[in-house]
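Two complexes are shown next, each including chain A; its partner changes from chain B in the first to chain C in the second.
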Partner chain A sequence: MSVEVKNVTKKFGNFTALDNVNLKVESGELVALLGPSGSGKTTLLRVVAGLEFPDAGNAQVLFYGEDVTTIPASQRKAGFAFQHYALFRHLNVFENIAFGLRVRPKLKRPGEEKIRARVGELLKLIQLEPLAKRFPSQLSGGQRQRVALARALAVEPKVLLLDEPFGALDAKVRRELRRWLRKLHDEIHITTLFVTHDQEEALEVADRVAILRDGRIEQIGTPEEIYDNPATPFVYDFLGNVNLFSGRVREGTVIIGETEFAVEETAGETDTDAVAFVRPHDIRITREANGQKTFPARILRCNAAGPLANLELERLDGGGNFAAQLSKEEFQQLQPKAGEQVFVELKNVKIFSDDFSI
Partner chain B sequence: MLRSQQRGVLPGFRLTLGYTLLYLSLIVIIPLAATFVKSSELSWAQFSQTVFSPPALAAYRLSFGASFLAAAVNAIFGFIVAWVLVRYDFFGKQFVDALVDLPFALPTAVAGITLATLYAPNGWLGGWLAPFGIKVSYTQLGIFIALTFIGLPFIVRTVQPVLADLDSELEEAAASLGANRWQAFWRVIFPMLSPALLTGFSLAFARALGEYGSVVFISSNIPMKTQIVPLLIMGELDGFHLARATALAVVMLVISFLLLLAINLLQWWSNRYNATNPA
Partner chain C sequence: MVEQPLQRNQPGMIDDAKINAPRRMSEPPFVRRLLIAVALGFIALFLVVPLVSVFAEALRQGLGFYFQTLRDPMTVSAIELTLIAAGISVPLNCLFGVAAAWTIAKFDFPGKNILLTLIDLPFSISPVISGMIYVLIFGAQGWFGPWLIEHNIRIIFAVPGIVLATMFVTFPFVARELIPLMQAQGRTEEEAARVLGANGWQTFWRVTLPNIKWGLLYGVILCNARAMGEFGAVSVVSGRIQGQTNTIPLHVQILYENNNIPGAFAVASLLTLLALVTLALKTWVEYNTTGLRGTAFTPLPLKKEPNRKLA
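== the complex of A and B ==
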């Protein structure tokens, strides 16, 4: 039982928005579509909603086994929440939520009593009961998005589609709503697909994350899977800050400058040029050299505001700059100063053999 | 102590308000007040005899009736024209768009003569209608057509920009909630456009009430039948009955003002959702 997209290609003129995409969202799952702008994530969402149709070919969109590829949005029963909410300005909160019930064909339309009850339930769910009579223009951004969600849920959709639902909100409200969405999903278990360009949001909220690039799904997996085992340099880079060290790979190690570091999964390459990827928090800084395990560098800048201290360093062998992150304790123990020379150790070095470009 | 005068960010409030009042006084209020003053030269008996005479009553009915009908018809067809111009791309769209403004630019007398000739029983269009017993020129129907002609641009030009700004996401939202196209139109698009449509309607209506040039040519101007109020006023002026002419004008003014005020209230009500204060 799932919502499934098969072999979907969509072109706008010369631009390929989706390039033979396949995706399966299990029933009750919350999947994030993560990617930079122009990667096709919103187009994919709109294809699932029926607001966009895939190019001719063997493309298929399946809702729980039922082929809905050619069925228009109005008959697909897919709830859609827009980035800018698209609330009906001329209707109050109550009527916005009731809209989907009121436009049902006469035979399936619930009575006024039932509509009242259903909308009341949803208002309770989004915690906006006292604001039922307000117009959208009298609500805050976060409240508007919650109304948009309730409106989409009112029609009991088979799948809930959220297009950058928190994109237009400020950081604090965004974090609150993100947690609220996760909690809501744990309560009502509706199959949900949501688009975002914010990796933090995707990793925090989703059961699985699909990373898109140039109209293709680059990798899909649980947040841990994709964070710990990124399949491509693109995914690695997209999920967080990264330092690049060019060096040579030899038998399970990578040689950067004069120093050798162990790497996982080198796939047996021997003596080839390679780029090593290291996250800033996987860089250890010491005052003493530790034999073959460290290389020297100079600190350019220190910024200790926030829970982590950010350092910018320069390799002494002319290999360029890189960034490091220290915990507050490490920072206070070491007390690094700008201009000082230190030694650097790399952990969790990652090598991608096929394609080094990001 | 609180300062009674609030300082706004935008400068020039006094200057602009002062200018507005001066301008309105010189152009609108003083001339209109003068008509009231002039008409007060008449005694109440003379006044009521003038403004409640059977030809005058018939003329009010015709003027307001034909203007209202013309504005209503324009509201429907002008809406469709605006819709087509905004929603679809077709060959010659710019040309059609420019055509809409012609009734603004054309001297109304030219329009009146052209319409009268075309719709005369031996005219190009009137010739087709005559066999069915439909007479247009020199009848009330002719007046209605002339008023429709001059009112069209008001509806198109007020609805067009609002329709163009309408977010397509609203229709998509309606569709994803299960609304068919008809429901999306009546429940979402139309309510969003109705304030603009009402504005266009009141402009077209007001314009038609004051129209003189085209009607004088297409109408036979027979009292009680095809005489509109502006013609009646001109008739009084031709007879040098200046006070009686202004008395008719005063009645016109008062009724027009009340009708336009009512439309404005309706418009304000239809736009109430844009209020930002919590109710």
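== the complex of A and C ==
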């Protein structure tokens, strides 16, 4: 019981938007498609909706086992919320939501009373009951997005597809709405696939996250899995800020400058060049070397606004700049100043030996 | 979640421009007055005076003569023919315009730019040439001339020729109006309708048509004004047989040539009235599309207006 995409390739002229993609969304699951622009995430969503068709080959789109590859969008029973909402501007909120019910073939069309009841239910769900008579142009962005969601849900879709659902909203509304979406999903448990380029959004809302790059799925897993065990440098970089230190790998350690740091796991190579990945919050800064494995650096800038303090540092051995993140307490204890020389300790160093490129 | 609904005048709404417009200009008062006087004088001289003179000349010999001229069988026949020509060409061009705009705005296909250019063709060639084309094709010496004569079908110097010439000249109005509008609106609303289960027909009637209705009306009004006022192309194909192939503009010309000046102005006043009605309708449509009703995201692009006010 799932929505499944098999061997889907889609080219636009010379551009390969999707390159043999396979994806399975379990029933009731909320999966995020995360990737930079041009990575093919929206195209994949449109293929599932039936708004684009995969290139010839053995591509398949399955809704709960039923092959819908050649079925047009109008008969797939997918709910789609567009990036810019695409509300019908000449219809009010009520009629927008009722649209999917009103265009049903005569035999399957519910009566006026049933339509009213269903739309009323949805208006309650999106908390916009008083605005039923408003036109889309009289709503705020967040309200429009909720109407678009209700409109998609009205036809009782087999799968809900959301294209950058919060992309066009300001930060505060965005956070509210994504919490609301998660809550909504926990209530109605509809199989949902949503596209985003915001890693924070994907990690917060989704049950599983699929990371796309150049039309391929780079990695798929729960937010913890992909954040803690990124499969590739691309995923590592995409999920948060990261520092790169070039060095040499030797038997479970990496040598950066003249200092050896322990590495979580290596691919078994010995004595090869490698790039070490370290998150800014895995960098410790001290005034004394204290016999720990550290290397010296100079602080270039400090920014302590917000719950975390961000520091920019420069390696004294000429290895380049990097960023560090301290908690407020650490920052107040240490009281670092720009221009000061400190010692740097690295934790959770990750090595990708075969492919350094991001 | 508490959110205030957007009121008018918030960012992104149409009224922005008005609010941000500078209240006071920097030029000294006498420059402003001079400029206004020049502009008003110009309008008075070239627009108001001719407009008034049309009605003044038309009524010079009194209301009795005026209505007598309009009741003249030749005039009535010209009015009828004009209504027939406009009555056929406007609906057909309306259908064509919607179909062409839909095709161009909502689909990608090879040859799209060529089609766009071809639609503009009637604008870019002289109406006389447009008429000549039909004479060359359907006239006695034309390509299909002998075949048509053999089968006793008359196109040139007959009503079908006038309708064809009118259609050709008014061909771009509706399409030209709708293409930029539909392109600006994009395809997502239609896509939304399709995903919601609407078939092609339902999508057109319930989503596309309501979104373009004001633009369509605007195009139809301009198309109609041109169809009724067209002189050049129709004059070539009509042969000006009084009572048979004379339209209003041609009839005005004939009356004028026969030195019936008040008669010519009386008939011309009909076209002038049409122009005034067209202007009023146009203003009303623009009023409805520039956001005063609150539903327009994409106000109509203001374009040059190709119809002629006076025949």
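Following the convention adopted for this analysis, the second predicted complex is superposed on the first by the 356 of 358 C-alpha atoms of A that agree within 3 Å, B and C clash if a C-alpha of one lies under 4 Å from a C-alpha of the other, contacts with A are read in each partner's own complex, and residues count from 1 in each chain.
The rule we apply is simple: contacts are C-beta pairs under 8 Å (C-beta built on N, C-alpha and C of every residue); 3 or more make two chains touch, one makes a residue touch a chain.
As the structure is a computational prediction, the values presented were derived from the model and not from experiment.
**Q** Following superposition onto chain A, is the placement of chain B relative to chain C best described as a clash or a fit?
**A** Result for chain B and chain C: clash.
**Q** Applying the touch criterion given at the start, work out whether A:Y227 contacts chain B, chain C, both or neither, answering first, second, both or neither.
**A** neither
**Q** Would you check which partner chain A:K133 touches, where first means chain B only, second means chain C only, and both and neither mean what they say?
**A** Once the two structures are laid over each other on A, A:K133 reaches chain B alone.
**Q** After lining up the shared chain so the two structures overlap, which partner does A:G142 touch, if you call chain B first and chain C second: first, second, both or neither?
**A** second
**Q** I'd like to know which partner A:F343 touches here: chain B for first, chain C for second, both or neither.
**A** In the superposition, A:F343 touches no partner, neither chain B nor chain C.
**Q** Classify the contacts of A:V173 with the two partner chains as first (chain B alone), second (chain C alone), both, or neither.
**A** Second partner only.
**Q** Per the contact definition in the header, classify A:F53: touching chain B only (first), chain C only (second), both, or neither.
**A** After superposition on chain A, A:F53 lies in contact with neither partner.
**Q** Could you tell me if A:V155 is touching chain B, chain C, both of them or neither one (first, second, both, neither)?
**A** After superposition on chain A, A:V155 lies in contact with both partners, chain B and chain C.
**Q** Residue overlap on chain A between the chain B contact set and the chain C contact set?
**A** Common interface on chain A, chain B vs chain C: 49-51, 72-80, 82, 84, 86-91, 99-100, 102-104, 134-135, 137-138, 151-152, 154-155.
**Q** Show me the residue ranges of chain A that touch chain B in the complex, using the header's touch definition.
**A** Per the touch definition, chain A meets chain B at residues 49-51, 72-80, 82, 84, 86-92, 99-100, 102-104, 133-138, 151-152, 154-155.
**Q** Applying the document's contact rule, which stretches of chain A touch chain C when the two form their complex?
**A** Residues of chain A touching chain C: 49-51, 72-80, 82, 84, 86-91, 99-100, 102-104, 127, 131, 134-135, 137-140, 142-143, 151-152, 154-155, 173, 176-177, 180.
**Q** How about chain C: which of its residues touch chain A in the complex?
**A** So the residues of chain C in touch with chain A come to 1, 3-6, 13, 188-189, 191-199, 202, 206-207, 210-211, 294-297.
**Q** Show me the residue ranges of chain B that touch chain A in the complex, using the header's touch definition.
**A** Contact set of chain B toward chain A: 167, 169-170, 172-180, 183, 187-188, 191-192, 273-279.
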